[in-house]
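Should a chain be cited, it is by its letter among A, B, C, D and E, assigned in written order, with residues numbered from 1 in that chain.
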Amino acid sequence: MTEEQLPPEEVILGHFAIYRFTDRFWTLPPAQRRERAGAWLSGMKASADVAHLYLVQGLETGADVLLWSAARVPDAAAVGAFFRRRAATENAHRDVLEPGHVLWGVTRPSEYSRAAKSAQEIDPFAPGRRSYLVMYPFTKTAGWYLLGRETRQGMMNEHIRIGKQYRDITQLLLYSFGLQDQEFVVVYETDDLSLFSKLVYDLRATEARRYTKADTPLHTGVLVTADEWLGSLG
Amino acid sequence: MTEEQLPPEEVILGHFAIYRFTDRFWTLPPAQRRERAGAWLSGMKASADVAHLYLVQGLETGADVLLWSAARVPDAAAVGAFFRRRAATENAHRDVLEPGHVLWGVTRPSEYSRAAKSAQEIDPFAPGRRSYLVMYPFTKTAGWYLLGRETRQGMMNEHIRIGKQYRDITQLLLYSFGLQDQEFVVVYETDDLSLFSKLVYDLRATEARRYTKADTPLHTGVLVTADEWLGSLG
Amino acid sequence: MTEEQLPPEEVILGHFAIYRFTDRFWTLPPAQRRERAGAWLSGMKASADVAHLYLVQGLETGADVLLWSAARVPDAAAVGAFFRRRAATENAHRDVLEPGHVLWGVTRPSEYSRAAKSAQEIDPFAPGRRSYLVMYPFTKTAGWYLLGRETRQGMMNEHIRIGKQYRDITQLLLYSFGLQDQEFVVVYETDDLSLFSKLVYDLRATEARRYTKADTPLHTGVLVTADEWLGSLG
Amino acid sequence: MTEEQLPPEEVILGHFAIYRFTDRFWTLPPAQRRERAGAWLSGMKASADVAHLYLVQGLETGADVLLWSAARVPDAAAVGAFFRRRAATENAHRDVLEPGHVLWGVTRPSEYSRAAKSAQEIDPFAPGRRSYLVMYPFTKTAGWYLLGRETRQGMMNEHIRIGKQYRDITQLLLYSFGLQDQEFVVVYETDDLSLFSKLVYDLRATEARRYTKADTPLHTGVLVTADEWLGSLG
Amino acid sequence: MTEEQLPPEEVILGHFAIYRFTDRFWTLPPAQRRERAGAWLSGMKASADVAHLYLVQGLETGADVLLWSAARVPDAAAVGAFFRRRAATENAHRDVLEPGHVLWGVTRPSEYSRAAKSAQEIDPFAPGRRSYLVMYPFTKTAGWYLLGRETRQGMMNEHIRIGKQYRDITQLLLYSFGLQDQEFVVVYETDDLSLFSKLVYDLRATEARRYTKADTPLHTGVLVTADEWLGSLG
């Protein structure tokens, strides 16, 4: 472990929540739908340091939107405070929406890439966002962790080298060991989904792929502004 | 990679959505059912470049119809625009229908078949359609991508050779790497399901079959006109 | 392939639908329940060449009845016509019943048994039926199809020999390759479920069993007349 | 097979049904809940030769009670008659309860234990019952049935020897081959769940365990009298 | 087995229940929600020796709170009495909440750690609790139990040594063999989830990990007081 030699980094909690609006919502008159949805979105944004909205309707089965929230974790109590705050906010809207799949994790210095923060690393607090978000839970096989450190480093180098060929695709790795069922939440942002799809295809031919136990369900979202989205609710 | 030497091709997004009408729909008087269903279908057709309707009721569990939409993708923003447009349209009908399984992907020049566009390749924009559609998500094993290129080409040649013996069965391959959980969406059209079933049986004896990780759930649809279908709603 | 040398056989579509009556049904007064259920059954029987009703309530989880329909397939268009007809009929009853698991396939001359139609082969159009039906989707492993033809024939001979020892148990094999997720629908009829259970037990010790990838969910039904069943609805 | 040499035994059908009371039930006034539940229980008891009630609420996910019914099977028609009878009874209560997981099978002389009926064998018709019931569907691997008879007998001897060390734990084995998805339903009764848990732990170290394909979902129930249970409904 | 040489220990039943409040709950006015939820919580606390409440909303999919109850088991009848008592209490609130996933087990002296009760062992009856609870069902592979005792002890020593490096993380192991589908329920308490996540990461590189068959679904909860939680319900 060389982590001790790295400059300390701020820990960030990344949280992804999939929502589906309920039958009761869809039988409200359109104006009330927009009002209720708008109140939910404002509330949720206020309960995190930052929150971004993505359309997933039609991109995945049984879901309407994905809300990506990020919160700084200055101390160990901050994680609990974040969840208490967002629960209280969410509960005011539970009669019209159904919270679905949630995925979350925290940042940690990478074990395999010792470079100072790369230009391809996502900053959740940056002002503008790319047009598309792709995110999935990720778990490696038991065998991976019993390989020698150099073997793993070699395989990760191949993986990292391919990623660097796609400079406009940025990435964030969240650790979920012991927090949820997956080991990681892997997040990508891109302005070009076809290009991103090629990157994923290229990564299929790497040795490290053999050690992937699970990388589904994958979530793809289309960045939407509050107004665009509210306007689409009928 | 020999892709660079091929003439550029238009990218097409293919989208398949399974719908089930809700309890509220089935308790409406028949005339209102036809009216609501007709409005949904017109709207959805208008939100894509083309859309085709298939009956899946009785062919698969828990579903009524399948809507196959296709949209040209002239630039990277077109994918997001397509999904925003179809969500806004769909939302006007959410009180009577439940969007189910969605599958989608984009076209790409084939890595294994360098021929100019084959007569067996489906053109989603062609005026007439065959009577039956068969479609499924498809994922190869991790081992496949680590085989040498020539080995894979050899296995694909055997696969392609068998497909060519069934000249009246046409095919479309969509790429979903990094867009959804599957790697491909495989689409077939045929006027004779028994013949198609024989093709699938023949393909079981090919070496490439060993490298299939998943090819379900398969969806089979019966082409229906709007009038036929609306008339069957009660 | 020796299929070409066999006399042509009529293709038959076999369709199995599991139904569960909804909450709305169970809150109707008993007389209305019988009326609605009777209308559904008459309609469904009229939409196929023949249809047989089985009780599955208490035999499997979450289901009430199984309807086995059979239809002759004189030409390629007949499959679509069958599904359009049954959908229109079913839709008139969707407010009180929920169509569940559907399984279907078509007959084909057997590759392994070249005998003229055996006395143990089920004729779906025969006037009387045995007391119990057992049916399940069936898929073989990828490895099976890559074994040599003689090896497979040898294993099937062992399988067929055991089946012949149970003369009163009849069988029907439907092909579903490329039509649904399974490869086959296997159907048995018997007047003695204990005897049938012994047959299944005996088949466990055959070599071919190693090449079974999936043979569930199995459905067991008790033959009921319309009157018996309607009378049991409350 | 040495079965032919054994004295004939009466065949018994054992049936286990898990129930969950519905939302409509829980919004009835308490007195009506007790009345409806009591009527259901009396009816179900009358539809079998004997029926025992167990609480599973809080012991497993999503269920309230487990009803264990047993019926003598004097002839092949008796199985169908049992299911028709219990369906008619159950249907009178479908507006307030949801039939859940059902498991059933029939007794057969054991292939591995030729002793006359053991003191540890459960008699479903005996007057008193032990305090706890544990029951699960059980399926062996395909490989088990292709082992030689003596190998299997040796492994079963080890298994049986351990069971005999726990004299107060009784057992019943039902055969479900070809009747439901599992091969067996395994039933235990005990007055001491901690002791039973030790027996299961001890059996983990036997060779036969390698040939277990599935032994879940396990159901554990607490014996309750009708009055105890009705009194707990609010 | 050296268990006989250990001083007798009190057996404790540990029970974890996940709850989701229903649609009916979320359409009640806020004051009634707080009243109903408070009555449920008081009742459940009274039905066990001790009960602790954790928020899981937003931490896992489809759930609101987790209730950890503990009860002393002085004799074999106490297990049944606990479940009858909690069912009667729970039933008074079934119109507004849906009992979800339940996990439970009983304590037993450890086979691998012969030390007197360790400072890192959780006492469910202790007055204060740490801020976070992590809990999951755990099952080892069939192969584990057929390894020699010394091999298993060696692997457990490695596992225990790593756990001891995280002194502020406490642990409880409950046995569920034959009681539920899992073999164990593993419970951790911590004031620092990031630290806990590192412990889980470190344990990935131990040999014993190869013998983990299943350790999901994992549940992470945030300790909440009754007042905090009731106040967040709207």
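As a working rule, a residue touches a chain if its C-beta (ideal position, glycine included) is under 8 Å from a C-beta of that chain, and two chains touch if they have at least 3 such contacts.
Note that the structure is a prediction, hence the values are computed from the model and not measured.
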Query: What's the overlap between the neighbours of chain A and those of chain E?
result: none
Message: chain B and chain D share one sequence, so how far apart are they rotationally when you fit their Cα atoms? Give it in degrees, rounded to a multiple of 5.
response: 145
Field: Same-residue or different-residue interface between chain B and chain C, half as cut-off
entry: different
- prompt: Hey, how far is the Cα centre of chain C from the one of chain D, in Å?
  reply: 28
Statement: Taking each chain's centre as the mean of its CA atoms, chain B sits from chain E at a distance in Å of 45
Statement: Flagged in chain E as touching 2+ other chains are none
- request: Once you've mapped the touching chain pairs, tell me: line, ring, star, complete or other?
  value: ring
Query: What order results when the ring of chains is traversed from chain A, passing next through chain B?
result: A, B, C, D, E
Message: For the complex, give me every residue of chain D touching chain E.
response: 21, 23, 26-27, 55, 57-62, 131-132, 134, 188, 191-201, 204-205, 207, 209-210, 212, 216-218, 220, 222-224, 228, 231-234
- prompt: In their complex, what parts of chain E are in touch with chain D?
  reply: 11, 15, 17, 22, 24, 73, 76-77, 79-80, 83-84, 86-88, 90-92, 94-95, 99-102, 104, 106, 108, 142-143, 145-146, 175-181
